[in-house]
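Reading through the structure tokens given below for one structure.
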Amino acid sequence: MTLSLKKQFHNTRNAFVEKCKPLQVEDYSVQPVDFVSPPKWHLAHTTWFFEQFVLVPHMPEYSCFDKDFAFLFNSYYEAVGERVMRANRGLMTRPSVAKVFEYRAHVDEHMLRFLDSDVVLEVQSIIALGLKHEQQHLELFQYDIKYILGHQPTFPHLYQDENLKDVSTSVEFLKIEQGLYDIGYNANGFCFDNELGYHKVWLEEFQIANQLVSNKSYLKFIEAGGYNKSEYWHAEGWDFINEFNIKCPMYWHQIDGVWFQYTLKGLQKLNLNKPVIHISFYEAWAYCEWSGQRLPTEFEWEVASFDFNWGEAWEWTNSAYLPYPNYKKEEGAIGEYNGKFMVNQMVLRGASVATFEEHSRPSYRNFFHPQLRWMYSGIRPIKKHE
Amino acid sequence: MTLSLKKQFHNTRNAFVEKCKPLQVEDYSVQPVDFVSPPKWHLAHTTWFFEQFVLVPHMPEYSCFDKDFAFLFNSYYEAVGERVMRANRGLMTRPSVAKVFEYRAHVDEHMLRFLDSDVVLEVQSIIALGLKHEQQHLELFQYDIKYILGHQPTFPHLYQDENLKDVSTSVEFLKIEQGLYDIGYNANGFCFDNELGYHKVWLEEFQIANQLVSNKSYLKFIEAGGYNKSEYWHAEGWDFINEFNIKCPMYWHQIDGVWFQYTLKGLQKLNLNKPVIHISFYEAWAYCEWSGQRLPTEFEWEVASFDFNWGEAWEWTNSAYLPYPNYKKEEGAIGEYNGKFMVNQMVLRGASVATFEEHSRPSYRNFFHPQLRWMYSGIRPIKKHE
Amino acid sequence: MTLSLKKQFHNTRNAFVEKCKPLQVEDYSVQPVDFVSPPKWHLAHTTWFFEQFVLVPHMPEYSCFDKDFAFLFNSYYEAVGERVMRANRGLMTRPSVAKVFEYRAHVDEHMLRFLDSDVVLEVQSIIALGLKHEQQHLELFQYDIKYILGHQPTFPHLYQDENLKDVSTSVEFLKIEQGLYDIGYNANGFCFDNELGYHKVWLEEFQIANQLVSNKSYLKFIEAGGYNKSEYWHAEGWDFINEFNIKCPMYWHQIDGVWFQYTLKGLQKLNLNKPVIHISFYEAWAYCEWSGQRLPTEFEWEVASFDFNWGEAWEWTNSAYLPYPNYKKEEGAIGEYNGKFMVNQMVLRGASVATFEEHSRPSYRNFFHPQLRWMYSGIRPIKKHE
Amino acid sequence: MTLSLKKQFHNTRNAFVEKCKPLQVEDYSVQPVDFVSPPKWHLAHTTWFFEQFVLVPHMPEYSCFDKDFAFLFNSYYEAVGERVMRANRGLMTRPSVAKVFEYRAHVDEHMLRFLDSDVVLEVQSIIALGLKHEQQHLELFQYDIKYILGHQPTFPHLYQDENLKDVSTSVEFLKIEQGLYDIGYNANGFCFDNELGYHKVWLEEFQIANQLVSNKSYLKFIEAGGYNKSEYWHAEGWDFINEFNIKCPMYWHQIDGVWFQYTLKGLQKLNLNKPVIHISFYEAWAYCEWSGQRLPTEFEWEVASFDFNWGEAWEWTNSAYLPYPNYKKEEGAIGEYNGKFMVNQMVLRGASVATFEEHSRPSYRNFFHPQLRWMYSGIRPIKKHE
């Protein structure tokens, strides 16, 4: 297994560097809003994880690349010491991007050497976690890059395409019977602590759409005045869209009456057959209210997911992000990974076009604050009972 | 039943006026923070409910007391038209308090006359809802009065006592077996729409405390440095207590090394045998983390509540406020009552010393944002599995 | 002179109480914005001045009415100790208005007794300053009352009228020759420290209007798009009117195409022949830019003021509030009266309809931040040289 | 003169490029606070000035380098059209730094060709203004670079030194007689419009220091508790230093009891013999209050400046930035240069070590908001009369 871990390490770390190739040096250091991190920071922070939790404690001959980096690139682990305030990350012009790539190379070289040695199981787990952590950041990195470039007045073109598949023009609904179902991760591979606590949940019968809502359907909601009628919205959702003057999904632009959408390929005419993405929980919920449907709970989603295709966009559920019965957080800094975020966020299930291959499973619990929209998020409705 | 409704109307409306007696005119109009409403506003808004939803549509000969009042005292019903921004309520010096009491008398007189007539069932329901609405405001009114007076530099004395009972020095834990339980309201009396959708929930075995956490126990948490160790807190809870420099429950004051607590009777020495109250969800959760326990879910609470005493303080659960399966919101303005708040709030169960008699039942779902502390809120822990 | 000081004391203190008569208790305690103080606070603070600076140090048998009041009603004298934050004054419901009037009566009684004794000259000066201080607050009190009531949705009627005189339909310009002029107070009566430092200023020839700009003229500026053209505005003025969406003077309301103005008599049709009032420095300056004129400096105003009528509204000058040559601030708390405000404010000269009789002279220097508009402020232009 | 203008053009433009050499690409794009502009922006904006005001209107064969740049790099000229909000400049990752240098080269090449032709006087004036504009930005550029690097956790070293001269250990005071003096620019060279309006000012006798206040003297003020005593401060200054927890000049750091100062050479031990710099107007004023002195007016400074050395640091005066008598702003966009900033700012006189050679004269009026400290600003006191 050490061999295979080494291979995984190599693949994940390379994938990140590969994704950076179309960027310019200037793109790496900005932070346009709080929830976006500068790309440079992702590159360094994921590297710091391996240095801090693997090399420093477990490879005696390792010496830190730069002792300041622990301070500069710790994201949120309070237990590990002082850290740069999230909102100030975009002001760090030093170290340079080149230096950060050197840092990656330095840590990678030592990690690969370390992986050649006899790694105890406990450290293998930390490395596996570090890779999953890096894969998560690789996905966030894509959201952030899209946000940074999509908010340039010049709408630059970066990659070839975002590769979302067309949805069918006719949606079907899958019926799931009522009953007591098993929820959570119950196999031998990797999973996060928040998926553990395999447990039973009773579900009433429900019927769930076999595909995501399309841009075409969502546009009908807009054209029906959906953003102007308080009756479809949570009170806080209504305040949110009014405060920020939100009238459509993020990256949509109506220019001389024609709808466009910013993609990583540049500004494109809106393709009505693609799933609607870049919407907040509030918008997903309001769309369902308008269309007489509702969002699934995360348990309904997990149970039904064996019967439909998913993986294009994270699917908002109407479940708050909370611990499963018997949830246990890990000891020490690693224990800060998930549990301390279990308030004020909603669960999304599935995966997206930006998700690293193999970084998805039906029990995977993603979560975001209900107003966020810069990730690839979509809607899969459930029929309401009459 | 019309007769009994009239009696209920009389009792509830009078209880409010009775509670006002110790106030001074100046106490009625201020709004020290967003979540507190001026007492005058509660008096008028609850009256407006009956005028707007009963007298205007159903009593043809009724003429409005003052046409401006609909604008001034609508709280949040978007469907009913423009309203004064919540944050500006504390600036309304006119109408005077005396005028608001006239308004109450005017509406009461017409309501009592109306209740002598033959009231159709649908309108009876609205009146019953209006009374429950008023009872809720009567409770909020007490929180707000306490906040307003408890933040005067002079700590005025208002009522005789808040009447919380002592907790026992030895807590016991009640064991509930795993199984499929029924949740929600399933009888013929009044309940809110958020309790409907009677449904099954599977619970694992758990052991729940037979009483609330005492000031004495909570003080140990403080003295153990609980407010200074990030490991016990949600990330957002940690930010919250640091931003507002929170070091103890609301209304606690340490003066020359001695702990005091503001009560409606004035500033008192902290009584260690009373339940700890005026804490946020974040504090309740952190206390449990520190003591190796956890908060119940609202379902665990509801199932277990038949076996312990409750009613002193609202009990924080670790359940987010979300709709039950098959939740249906009412048509029109009344439908804005509950559903649109089902995001970003946590459920509290039970009742408090400020709750109107008969305004409580095991299925009752109260809810507040996790940082709020000005209500009577407490902690009932569950043992963690080893 | 002690006798006459007693008479002055009596007159000023009574004038304040007289002005309170049309208020309701509720009007006294609110603070809608930072720059408005609750009326109750004015009543107590002016009283505290005499208690703190006269009775406590100079009348041995005097005992304080309430020892908390020093903390509650100190406005800004850092040297005198802790004080309630300005922005929290509107939350003090206790002491009651009735108690504050008792406080006034208590202090007045002792002051009058004190004034019957042999008062040394130095203390006479402090009392005289206290009366001027009270007269200033009496004027601010009127601005604040107008703001509080003018921002009620119901526009209440309070006094009979604000008594501004009509301006003539044809303005004349008075020519003042260039030369070296004397500026500042140079007689034996009372003046503030900021008027001392009698000194010479060289002025170029100028021509100044013999009356204030009328509502009619100002309306032309509005109708010419004055609020939409950046070229007339200071950069910070332009930002200010855009941030707060300002399109006309404070208290003007355009209802169905007709202009109204809130006055202390209630909402009135705009009278075109009255001087324009309730404008910021930015608006005064922009009006002048638009009309090809300019504002006077405070020195030009002082020199020319002997030749025109003034006293309707404070007249914005283009002078910043700065010390005169050889300005000396007093020792101790009294020294905080003026000097520490000499930055970021503009000078206004003259007096207004709210100014206490005898509280005005040509050398009087009033000052406000350039964005403020709730005082009676107007415009007297100077011709620009071609 | 066209020849000499070409030479000036060449020198100024090259000086900017020269100053950029030690920067890394990452340093160019950040904007840590509102008042700092990203270095890239300075480079492009100064170039845009020549393109917009010279090449586009006066060189028929010229075609714009990129039509988006007018939008991206207009700073504040409302008359010239839409512009990127000041606070968003730090988010522009595109165009790249390399592209901006291409833009400079493109415009320089055309400007030099244009300067070879017969340039009419009016356009010569605009070019001269453009060069002075560029020299101002070159100075701001140095402040901004220092701010960006001085706020990196790693305190990078950039240039050799900032070259401030030692002050003498014994200060002398120069006496200036009272009298009527001439103020403003009255020669044939270049000056800004704010220096015109040559006019007389009467001054009382005064005595002004022959050198700037040293770090040593300023440290005494700190050690005497100057930052903790409200009596030395303007009310707004006191609020400012408390809100931002300011205890010393910008770039001073006390580490283990020893004072250091960040300079462009890196973190250095504080040199007590250098003039104190990087202080706000509030600090300059408070220092004078503490030491029983005062700041000069800008007129006193201008009259006395012929008798002392200056040019190390801009010297705060106690004069607000206001128009001289008969000040006339230019027509069109150029007219936005100075006049619209004449409110809420204080005048500084002299020049600093970052000022371009030849960009200084005794009549030069620099101006900043009173709280700003990131420029090279110092203190030259005047004795107070006894």
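Quick notes
By written order: A, B, C and D. Residues from 1 in each chain.
The criterion applied here is as follows: contacts are C-beta pairs under 8 Å (C-beta built on N, C-alpha and C of every residue); 3 or more make two chains touch, one makes a residue touch a chain.
Just so you know, these numbers come straight off a predicted model, no measurement behind them.
The chains that touch both chain C and chain D are none; no such chain exists. Chains touching both chain A and chain D: none.
The two copies, chain B and chain D, are related by a rotation of 180°, based on C-alpha atoms and rounded to the nearest 5. Averaging Cα atoms per chain gives one point for each, and the point farthest from that of chain D is the centre of B. Taking each chain's centre as the average of its CA atoms, chain A and chain C sit 57 Å apart.
Distance from the chain B centre to the chain C centre is 45 Å, each centre being the mean of its Cα atoms. Here the CA centre of chain A is 36 Å from the CA centre of chain B. Shown for chain A are the residues in touch with two or more other chains, of which there are none.
Note for the complex: chain B touches chain C at residues 24-30, 32, 40, 68, 71-72, 84, 90-97, 148-149, 151-154, 156. The part of chain C that touches chain D in the complex is made up of residues 76, 78-79, 180, 199-202, 204, 230-231, 233-238, 281-282, 285, 318-320, 322-323, 325-326, 335-336, 340-344, 346, 370, 385.
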